[in-house]
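I have a structure here, written as structure tokens, and I will follow up with some questions on it.
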Amino acid sequence: DRITVFAAASLKTALDEIVAGFEAETGHDVALSFAGSSALARQIGLGAPADIFISANTDWMDTLAADGHIASGTRVELLSNRLVLIRHWADAPQAEAGPPDIAGLLGDGRLAMALVEAVPAGIYGKAALQSLGQWDKLADRVAQADNVRAALALVALGEAPYGIVYATDAAAEPDVTAVYTFPADSHPPITYPAALIAGRKTPAATAFLDHLQTDAARAVFRAQGFIVPD
Amino acid sequence: MSLSVDIRHALPGLALDVRFEAPAGITVLFGRSGAGKTTVVNAVAGLLRPDQGRISVNGRVLFDSGAGVNLPPHRRRLGYVFQEARLFPHMTVRRNLAYGQRFAPKGAGGEEMGRVVEMLGIGALLDRRPGALSGGERQRVAIGRALLAAPKLILADEPLASLDEARKAEILPYFERLRDEVAVPILYVSHAAAEVARLATSVVVLEDGRAARQGAAAEVLSDPAVTPLGVRSAGAMLEARVVRHHADGLSELQADGLTLWLPRVPQAEGTPLRVRVEAHDVMLALTRPEGISALNVLPATVREIRMGDGPGALVQLSAGPNRLLARVTRRSVEALELRPGLELFAVLKAVGVAKESVADL
Amino acid sequence: MSLSVDIRHALPGLALDVRFEAPAGITVLFGRSGAGKTTVVNAVAGLLRPDQGRISVNGRVLFDSGAGVNLPPHRRRLGYVFQEARLFPHMTVRRNLAYGQRFAPKGAGGEEMGRVVEMLGIGALLDRRPGALSGGERQRVAIGRALLAAPKLILADEPLASLDEARKAEILPYFERLRDEVAVPILYVSHAAAEVARLATSVVVLEDGRAARQGAAAEVLSDPAVTPLGVRSAGAMLEARVVRHHADGLSELQADGLTLWLPRVPQAEGTPLRVRVEAHDVMLALTRPEGISALNVLPATVREIRMGDGPGALVQLSAGPNRLLARVTRRSVEALELRPGLELFAVLKAVGVAKESVADL
Amino acid sequence: MDWLGPEEWQAVALSLKVAVWATLVSLPLGVVTAVALARWEFPGKQLLNGLVHLPLILPPVVTGYLLLLTFGTRGPLGALLEPLGIVFAFRWTGAALAAGIMAFPLMVRAIRLSVEAVDPKLEQAASTLGASRLWVFGTVTLPLILPGVIAGAILAFAKAMGEFGATITFVSNIPGQTQTLPSAIYAFLQVPGGEASALRLVAVSVVIAMGALLASEWLSRRVAKRVAGT
Amino acid sequence: MDWLGPEEWQAVALSLKVAVWATLVSLPLGVVTAVALARWEFPGKQLLNGLVHLPLILPPVVTGYLLLLTFGTRGPLGALLEPLGIVFAFRWTGAALAAGIMAFPLMVRAIRLSVEAVDPKLEQAASTLGASRLWVFGTVTLPLILPGVIAGAILAFAKAMGEFGATITFVSNIPGQTQTLPSAIYAFLQVPGGEASALRLVAVSVVIAMGALLASEWLSRRVAKRVAGT
């Protein structure tokens, strides 16, 4: 059968690999549509032919659930992630013991983040800085990119000396080094919820959602740097 | 077969108020630069909507501001030779020529392409585009394009202005044939005296947007008071018939009892035609001169003498039922004691009559 | 003061190979439509780069393919009246006229705007744009624009073709004045016999891209073998001097022993001038005719008789040191037994000489 | 060539299909609109003009969202057209619609400029020869504006090949169905290590668009030469 | 008006400033490029032509990224210009640069079409009257292409007002410095329930662009009337 999965774009590498295995195993045909969570959620709300939605944050999943677009009882918290402070690698990497004084480190440079009011990584980052008591000093210094990858690029290119991104992104980018991992309790939990779409609860879709929680799949996610809740 | 125009139109530079009836044949519009000739022609073509008035061709109303009629140009069945060629730059000469043919009703009996091409001498240009033509070549193609549209009304705005004399001489007979055989009414703008004299059935003189004078060509052009083309172009029309073509290249014509010798005319023996005799080509003699090269010595009677402002005088003669005009000096009027009623001889050289001045009737 | 042209250029429709020297004054280029006149003028203007050759004005080399010289048009100091006006559509008439003045060197002594405007009769149009002008008005503005650029060389491609006779008569003297007073060399394309006769200092006849004939105007135009404007325009030049203006509006002229009577000429008494006498205006008589209206009866001797292909013949006469041409029929040649050496009389009406045919020397 | 995976080839093929259809279908409409704006007088002309320019002014995401609202299965026009078998939502036709709409202002402007440059005197001449308005348009106006039509078409094609924001928002990013080249590039850019793949796709899209551009230049020159008359 | 917050007004003001500058600064360059492409023959002409069209073809993110690489503080041009006091990174000037570059192909195409429509015979006439090439251009060509220049400018302005992808990638989103209207709109659209706020900003940007459009139409008509000659 054909299954259409609407997934946050940051999951592409992992899902591509998992789907390959799933298809080989079951003979189902999985179509993966990657875009921003907001676009996907709106499309589902307006009748997109998605069977499964994997969001990069809980808000959009909550919204869809509230509007009755989610098949009840199918929602799982699939993955989570950590937030790290990165810096351009060319500067000698130095491990920080406690939370660094980011404003001090920046000098007259900028702190690259995703949009702090709109994009999950930005929202989480802002919350973390607030809980560290540094947000007020930094608010004017933040260069907000439209997504976390663009923020990463700013640091990778050295345009911004520091940035706040997901640990998954930082791990894969040779030109940056994570210098500090924000405590998990400094920001709302970073979770990637997945659920079946209302009226789309087919055996195949259910099978795929289940497959995502198998050990094989978890291994793939982990390899990409995601944290897989037990 | 006639064109009736009665329009009023206000332009920033001109208040047009023109009314004329053009009978069958060629009606020549003339007047000085800026008199409104092109504006009138555009109104007839439907390219300019006059403020007020009425235009009809052979009873078919093209425009009537009162009745709210305003046929679009493409329904007027025109052939318009514009003052500035206006060829389609993206088409070859051949396609330009053929453009109007497609829209002519079947069996409209338009001109034949080959014939028109030959007459205009544009055979070698057929596969070129207008951008690679000379000014005169463009104008000739524009003439061909209009003629080939099988029009019911031809508008020609100085169609021959940019052509050499030889070329003009080849094209003029074509317009005559249109006038005489095809019987399409033609509205023709021209400044050239010889052209006007040869072609015009009737003449409308425009001055500052108004029709200052109009009437049959013979009448308007023979009227010494008008001579709208300047005094040099005064002349009279004789209606004559070809009697015989002689071996030495001369044609013998008969005009109500007068014998005229002209360089060979193209018309067949027996054909009626008209000959324009320009006033300044006519010499007067009290006695029949002998031993002179002029072949035409016509007995005539002085009818009227009109002294000009300058040194000249126009003498109107009757030679049988025909009228002739002679332009002489006032000094000669006095020396010869010319007066109405005097019998004398009008002397005219055979070669004094230009080819363009002989036309089919 | 002279223009020297020697160019070869291949166009799809024409192989141009022209060489001529134009002395000071007005050089008229003529030839049939498509002969290459505009192409030659464009080459002189620098708008067309000939394949090969050399063009110079008063020794200043404008183009020399050998030496690799090719002055751009704006460095040639031209005034070019195009065959198709080419006014700037976005500028008022006034700005069009003034366009070239800006680029004239200070004190270049160009024409004065007011004078040119008046001569061309375009005073009322100064604030209009070209889109709202008639064809003739556009052409006049184009003439003005060229004249006002204080050019060192004037190129005029059929500048008067779309103008009425009266307007032409007002503009022609201007070109004469340029020729005579300002001494700007002028290359002038025209089909009109009267214009050519009046203006030309020298004449170049183009045929199929080649200069078939060239020389002084009097010479080329009097040559019965050429008659490039068609046989009707054959004629001869007489150089004469104004003796007296008479009260009856006639002027008495003296041409090497011959007395000529013409309608009042504008030149002052004593002024030398030239008169073009057209061949078809001259009648021949074996004995001096009496009691005729023609005022000019000149004793002459037949020099040469050239029989045409048609019914006509051109008779060259010598009247004192002057040459005259008479066009008569072959029949008259036989009837009068004309032969070289025969003494006879050439009869010419005073009014037979058109105003345009009298010009300053 | 095996340096592109099958899914990527699909994206290339789909992008081409989408761009070609978007260009061809909108071309006649673009010509009519351009002529209307350049030559006709009618009430609401400025409104039409504004409407045509709207996709240029709006952020693509907004255009995509508006399209989703209008042409989605639940949208007023979408619902109206569905019974006729015309479905845009989450189909390649929708991608073509989005691309066409985004490219429309560029196409119309180019054509309109050409229409304005046509000398009405030539059209008048044609009409005096008996050609109706439609014939005049077909035989005189259209050939003379051809360079502009070509320019408009190539602009539209290039824009359609590159269009991303509106497309992904409207029809999502489903491989083989709505995944165009830019969407695929986007997805690659969202994951660590995807840059190389993205770059390959960018190269493909540049090659295609440049090929089209060169072809159009050549065509345009030929047409212009014909019109210039030699 | 208090239905827009101060930060939103800032975004409006900044967008206007960015679009105006992008348009004005690129206009002369656009004219020169258009003339070069339309009239001159030089080696590399097709290369230039392709380069000009590139921003149209590339996904905006890629363009933004390339800008970052080139004009960023570490980029070759960025490093070159910095000593001269010309800095683009994270400045509104960078936003203007991005907008200008994205709008450039549209501008050049419009102007180029007008240049191609100018009758060279008029330019020849001017040169015979003594005008050098530059004068001919200024007094004949330029006035005649003015409608095209206006069309090109308005297209560029509209595009600059709507440009988002390249801008945010290049200069991020720093409120008051680089946050343009489209960035603000995008941010609102990323969060559930942000549609209403986004719509308000969309309305503002539509009003501005439409005003500019109407003004340009009016101007263009005046110019065209002058050229038509009555």
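A, B, C, D and E are the chain letters, set down in written order, and residue numbers restart from 1 in every chain.
As a convention for this text, a residue touches a chain if its C-beta (ideal position, glycine included) is under 8 Å from a C-beta of that chain, and two chains touch if they have at least 3 such contacts.
What you see is a predicted model, and the numbers here were worked out from it, not measured in a lab.
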| item | value |
| --- | --- |
| Given subunit A and subunit D, the chains that contact each of them | E |
| Chain labels contacting subunit C and also subunit D | B, E |
| Interface with the most contact pairs, given as the two chains involved | B-C |
| Chain whose mean Cα position lies farthest from subunit D | C |
| Whole-Å gap separating subunit A and subunit E, where each centre is the average of the chain's CA atoms | 35 |
| Subunit B-subunit C separation of Cα centroids, rounded to whole Å | 26 |
| Gap in Å, rounded to a whole number, between the CA centres of subunit C and subunit A | 90 |
| Distance between chain centroids, defined by C-alpha means - subunit B, subunit E (Å) | 60 |
| Multi-chain contact sites of subunit D, meaning residues that touch two or more partners | 61, 65, 186, 189, 230 |
| Sequence positions of subunit A contacting 2 or more other chains | none |
| Shared-contact residues (touching 2 or more other chains) in subunit B | 12, 132 |
| Pairwise chain contacts, counting only pairs that touch as defined | A-D, A-E, B-C, B-D, C-E, D-E |
| Of subunit C, residues touching subunit B in the complex | 11-13, 30-34, 37-39, 83-84, 124-125, 128, 132, 134-137, 139-140, 157-158, 161-167, 169, 191, 193, 229-230, 232-233, 248-250, 261, 263-264, 280-281, 283-287, 289-295, 310-312, 326-332, 336, 347, 349-352, 354-355 |
| Complex contact set, residues of subunit E against subunit A | 61, 65, 68-69, 72-74, 89-90, 164-165, 168-169, 171-174, 178, 183, 186-194 |
| Touching residues (chain side subunit A, partner subunit E) in the complex | 36, 38, 41, 59-60, 62-63, 110, 112, 115, 117-119, 140, 142-146, 150, 153-154, 157-159 |
| Touching residues (chain side subunit A, partner subunit D) in the complex | 4, 6, 9-13, 31-35, 39-40, 42-43, 46-49, 147, 149, 168-169, 171-173, 224 |
| Residue numbers on subunit C that touch subunit E, as the complex places them | 45-47, 72-74, 76-80, 82, 86, 88-90, 99-100, 102-104, 129-132, 145-146, 149, 155 |
